[in-house]
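Each structure below is given as C-alpha cells.
Look for subunit A in each of the two complexes below; its partner is subunit B in the first and subunit C in the second.
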Partner chain A sequence: MIRFDHVTFQYEKAFTPALSDIDLEIKENEFVAIVGHNGSGKSTLAKHVNGLLLPTQGTVTVCGMQTSDEDNILRIRQNVGMAFQNPDNQLVTTVVEEDVAFGPENLGVAPDEIRIRVDDALASVGMTDFATSAVHHLSGGQKQRIAIAGILALKPRILVLDEASAMLDPSGRAELLETVHKLHREGMTILMVTQYMEETTGCDRIVVMKGGKVVLDDTPKEVFKHTDILMESNLVPPETVSVRNALRSIGYALSDSVLTAELLAEEVCPLL
Partner chain B sequence: MRDITLGQYVAGNSVIHKLDPRTKIAMMILYIAMTFLVKDIWFLAIPFVYLVIELVLSGISLKYILNSLKPIRFLLILMFLLNLFFTKGENVWLDLGFWKLTDEAVLQSFFLSIRIVLLVAGASMLTLTTSPIALTDGLEKLLTPLKIFHFPAHELAMMMTIALRFVPTLMDESEKIRNAQMSRGADFESGNIFKRVKSMIPILIPLFVSSFRKADDLAIAMESRCYHGGDGRTRMHQLKFRKEDLFAILITLLFVAALIVILVLF
Partner chain C sequence: MSIVINHLTFAYTQGGKPLAPTLKGLTFTIEEGSFLGIIGHTGSGKSTFVKHLNGLLSCEKGTVIVDGHDLSQKSERRTVRSLVGMVFQYPEYQLFAETVYEDVAFGPRNMKLDEAEIKTRVTNAMTMVGLDPERFSTRSPFELSGGERRRAAIAGVLAMQPKYLVLDEPMAGLDPLGRKEILSLLEKLRSESGCTIIMISHSMDDIANHATKVLVLEQGSVFLYDTPQIVFSNAEELQRIGLSVPSITKICIEMNRRGVAIPTSICTEDAFLHWFREGKAHA
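Presenting the complex of A and B:
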C-alpha cells in the first residue's frame, strides 16, 4: 500500500541526509510503529507518505500513485490522513463540527454528504456530544481526537500519526491510542511515529530508525529481544520488557511474547 | 479571559438572531444610509424607531448597546462642545460678548451627537446578534461577486476564520509567557507608562516567534487536509435566504422609502 523505494532525502543546507536509502513496504491494514530518537528521521519519513516532502532520490508510492507527480497530490492526501504533534496548531476553525468539515469542504463534497461524514467521523472518535463546542474549551486529548475526526471525514485508507501523542498527558495519550486501535480494527492502515515505546506493544510491526536508516524492522516480539540495539538507538524499552528481562536474568523462564503488563502477570503468577 | 471573542456577540434565539448574516449586513448598510440621508434632527426619529424595533425583536438588553457607546463617550462630548461653540447662528440665546449661544448651535450639536449614537448603536446590533463565524460566512458570500475584479474574498474570509480561532490560543500563550517572565523576575506592574510599555517587549517577541511557528504548523496541517484555496470548495453550512429575510429587507426598504418621501416633501 505504501512503498519506499531507495528513498534518500536531504534538507536544504543540511550536511547529512535525513533519510538515506530507505526501503520499506507497508501492507493494507497493517499497524506499523516508527520509533527513533530525536533526529533519527522518523518524522521526515512520515512527511514523505502524503507528499509534504518529496524524496531527493528514489520514489514513494502510495496506493499505486507516486508522490512526486503533482497531479496525484490531492488524491494521495485524501487517502493518507495525517495527524500532527501540537493539538492546537492543526485545528482551523473555532467550532468542532466546522473543523471536521474543513477537509471534505476542500474536496468540494456536497453539503448533505459533508454533514453525514462529519457526524460519522465524530461518532467514531466518540466526540458527538461536542459537535458544537468551541475547540479552545477541549482538553489536549479531545483536540487530538477532533483532529483525527477531521481526517476521517476525508475517508482516508491510511492514517499517519506524527508524534500525535507527544504533547498529551497520560490520560490523553491513552484516549488517543484507544481511538487509533479502534480505527485499525475497522480496517485502517496505521503508521504511528512515536517516542513512547509503551505505545508500540500492540502494533503489528515496529520500525526502529537511527540516523536516517532503518536498523530494525520486525514484530514487537522480535524487536524487543534486541534490547541492545534499542539502547544504542537511545530508545528505552517498555518497562514490562525491562521487568521481563530482569526476571529472566535471575532464572525465570518467560517467553518473548511477554510485552504488556497483563501478559507479564499471566506468565509470572503460575511461577509464584 | 479565554472567553473573549472579537466583537461582542450575545447568543440568542430571536427572529433577528436567526436572520441570514447577509440580510443583517444589508440591513445595517441601509440603516447607515438612512442616518446619513437625514439632515434635520427631527427626522432622526425614523432610524431611531427602526433601531428600537430591531432592539426589541432581538431581545438584547439595552445595557449592551450602552456598553458599545462607552468607547466613544469622549469623542461625543468633544463633538458636542465644538459644535456648540463654533456653529454660527442668528437666534441668540445667550450673549457673553466673546461667544453667543445660538439656537442653531444647540440643534446642530444635538443632531450630530444623536446621529453618531445611532450609527454606533446600529452597527453594534449587527455584531451583537451575529456570531463572528456567521459574519465571516456572510461577508465571504457578499464579496464573492467581486472576485471578477480579483478581490480575494475567500482568502479574506479564511484569514478572519483563522484569526478568530487563534485569539483564545494566543491569549493562553501570552499568559504563559508572562508567567514565565515573571518567574524570572520581570516586572510588569511598576514604573511610568513608558516603562510599562517597554516591559511588554519580553512578552511580545516570544509571542511573535511562537505565532510564526503556529502559522507554519497550521499551513502544513491545512495542506494535509487537501486545502488548495477557494476554488471548488463547498461549505457544510449553507446560508439560506428564507422568507423572514425577505420580510426584514422589505421592512428596511420601506423605512428608507418613507424617509426619502419625507425628505422630498419637507
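Presenting the complex of A and C:
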C-alpha cells in the first residue's frame, strides 16, 4: 500500500541527507510504529507518505500512485490523513462538528453526505456526545481525537500520526492510542511516529531509525530482543521489557512475548 | 530553609472579571534539597502553580514564602528571583544569542557580575549540562541538536546558580536518551550543589525513579502530597483523575490480581528486583 524505493532526501543547505536509501513496504491494514532519536529522520519519512516532502532520489508510491507526479498529489492526500503534535494547530473552527465537517466541505461533498460522515467520524473516535461542544473547552486528548475525526471524515485509507501524543497527559495518550487501535481493527492502515516506546508494544511492526537509515524492522517481540541496537540508536526499551530482562538475569525464564504488565505477571506468577 | 505555601488561591481574569479559581487554597511545604515531582492532568493547575514560586504570578489570597522572603511583598521579588530558577516548556525556543556562550551568559550579565565571575559561571554551567565549553562556546545555538539546545537553555538558568530549580516538562519532545541525560543532570545538580528540584512531568516512570516527594494536583487543589511509594499505591484514585501509575506498579497490581501479595507501593525497578531477591519469601 505504501512503498519506499531507495528513497534519499536532503533538506536544502543540510550537510547530510535526512533519509538515505530507505527501502520500506507497508501493507494494507498494517499497524507500523516508527521510532528513532531526535533527528533520525522519522518525521521526514512520515511527511513523504502524503507528498508533503518529495524524495531527492528514489520513489514513494502510495496506493499505486507515485508522489513525485504532481497530478497524483490530491488523490494521494485523499487517501492519506495526517495528524501532528499540537492539537491546537489542527483545529480550525470553534464548534466540534463544524471542525470535523471542514475537510469534506472543502472537497465539495454533498450536505447530506457530510452529515453522515461527521456522525460516523465522531462515533469512531468516541466523541458523539461532544458534537455541539466548543472546541476550546476540550482536553488535549479530546482535541486530538477531534483532529483525527476531521481526518476520518475525508475517508482516508491510511492514517499517519507524527508524534500525535507528545503533548498529551497520560489519560489523553491512552485515549488516543485506544482510538488508533480501534481504527486499525476496522481496517485502517496506520503509520505512527512516536517517542514513547511503551506505545509500540501493541503494533504489528516497529521500524527503528538512526541517522536517516532503518536499523531494525520487525515485530515488537523481535525488536525488543535487541536492547544493544536500541541503545546505540539513543533509544531504550519500555520499562516492562527492561524489568523482564533483569528478572531473566536473576533466573526467571520469561519468554520474548513478555512486553506488557499483564503478560509479565502471567508468566512470572506461576514461577513463584 | 524551604518554600512555604499557605492557602494559595489564584484566579485568572477575563475582561477585568475573575474567572473560576485555578488554584484553591494550596497549603504545603517544599523542603530544601528535595526532588519534588508535580503531576496532574491537563488543566489541573500545575503550570499556574509553579509560576507563583518566583512571583511571575501573584496570589490574591494566601502566601508563598521562599527562604523567609514573602512574595506578596514586591520588594522581595528580586531576591526571590535570584533564588528560584525557572525552565519553561520547550525552553530552547527562547535561545536568541549568536553563540552558546553569550546565551548562557545573559542571566549572570543581568545580575551585574564582573566578567571573570561570568566566565566561571558560564563554563561551570556548560560543563554541568554536558556541553564542553571548548567545543560549544563559539557555536550558534541554532546549529545544535534538539537535546543539546535544551541543555544549553537549562545552562542559562543554572548560570544564575539558583537554590531552587523549577522545570515545566523539561523532557517533552526529547528522545529516550535525551530524556535520560536531563534526568541525570538534575540528579547531579541535587547531589553536588544541593539544589532543590521542582519538576512537572507526565511520565509516571520518571517521577517514580527520581522524585522524593510527589504533589498531585486536581482541579486546583492538593489531591495527594506524599512519597512516590504512598502516592502511587492509590492507583484507582489516580486513574479516576486522568493519571496513571508507573510501569512497575502496574506489574505489581497485575501480580496481586493473580494472587501474589507483592506490595503495590513498589514503583521502581530496584525495589521490584529487591522484592524478588529478599521479600517474596515473606509474602
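Here, the second predicted complex is superposed on the first by the 272 of 272 C-alpha atoms of A that agree within 3 Å, B and C clash if a C-alpha of one lies under 4 Å from a C-alpha of the other, contacts with A are read in each partner's own complex, and residues count from 1 in each chain.
Operating definition for what follows: a contact is a pair of C-beta atoms (placed from the backbone, for glycine too) under 8 Å apart; a residue touches a chain by one contact, two chains touch by 3 or more.
Just so you know, these numbers come straight off a predicted model, no measurement behind them.
Undergrad: Applying the document's definition of touch, where does A:Ala110 land relative to subunit B and subunit C: first, second, both, or neither?
TA: A:Ala110 contacts subunit B only, not subunit C.
Undergrad: For the complex, which residues does subunit B have touching subunit A?
TA: So the residues of subunit B touching subunit A come out as 2, 132-133, 161-162, 164-165, 168-169, 172, 213-214, 217-218, 220-228, 232-238.
Undergrad: Can you check the complex and tell me which residues of subunit C touch subunit A?
TA: Interface residues on subunit C, with respect to subunit A: 41-43, 145-147, 172-178, 180, 202, 204-205, 239, 242-244, 246-248, 250-251, 253-255, 257-260, 269, 272-273, 276-277, 280.
Undergrad: Provide the residue numbers of subunit A that touch subunit C in the complex, in ascending order.
TA: Within the complex, subunit A contacts subunit C at residues 36-40, 85, 139-141, 163, 166-174, 195, 197-198, 234-236, 238-240, 242-243, 246-247, 250, 252, 261-262, 264-266, 268-269, 272.
Undergrad: Per the contact definition, I'd like the list of subunit A residues that touch subunit B in the complex.
TA: Within the complex, subunit A touches subunit B at residues 50, 52, 74, 77-78, 81-82, 84, 86, 88-95, 97-98, 101-111, 114-115, 118, 134-137, 147, 150-151, 154.
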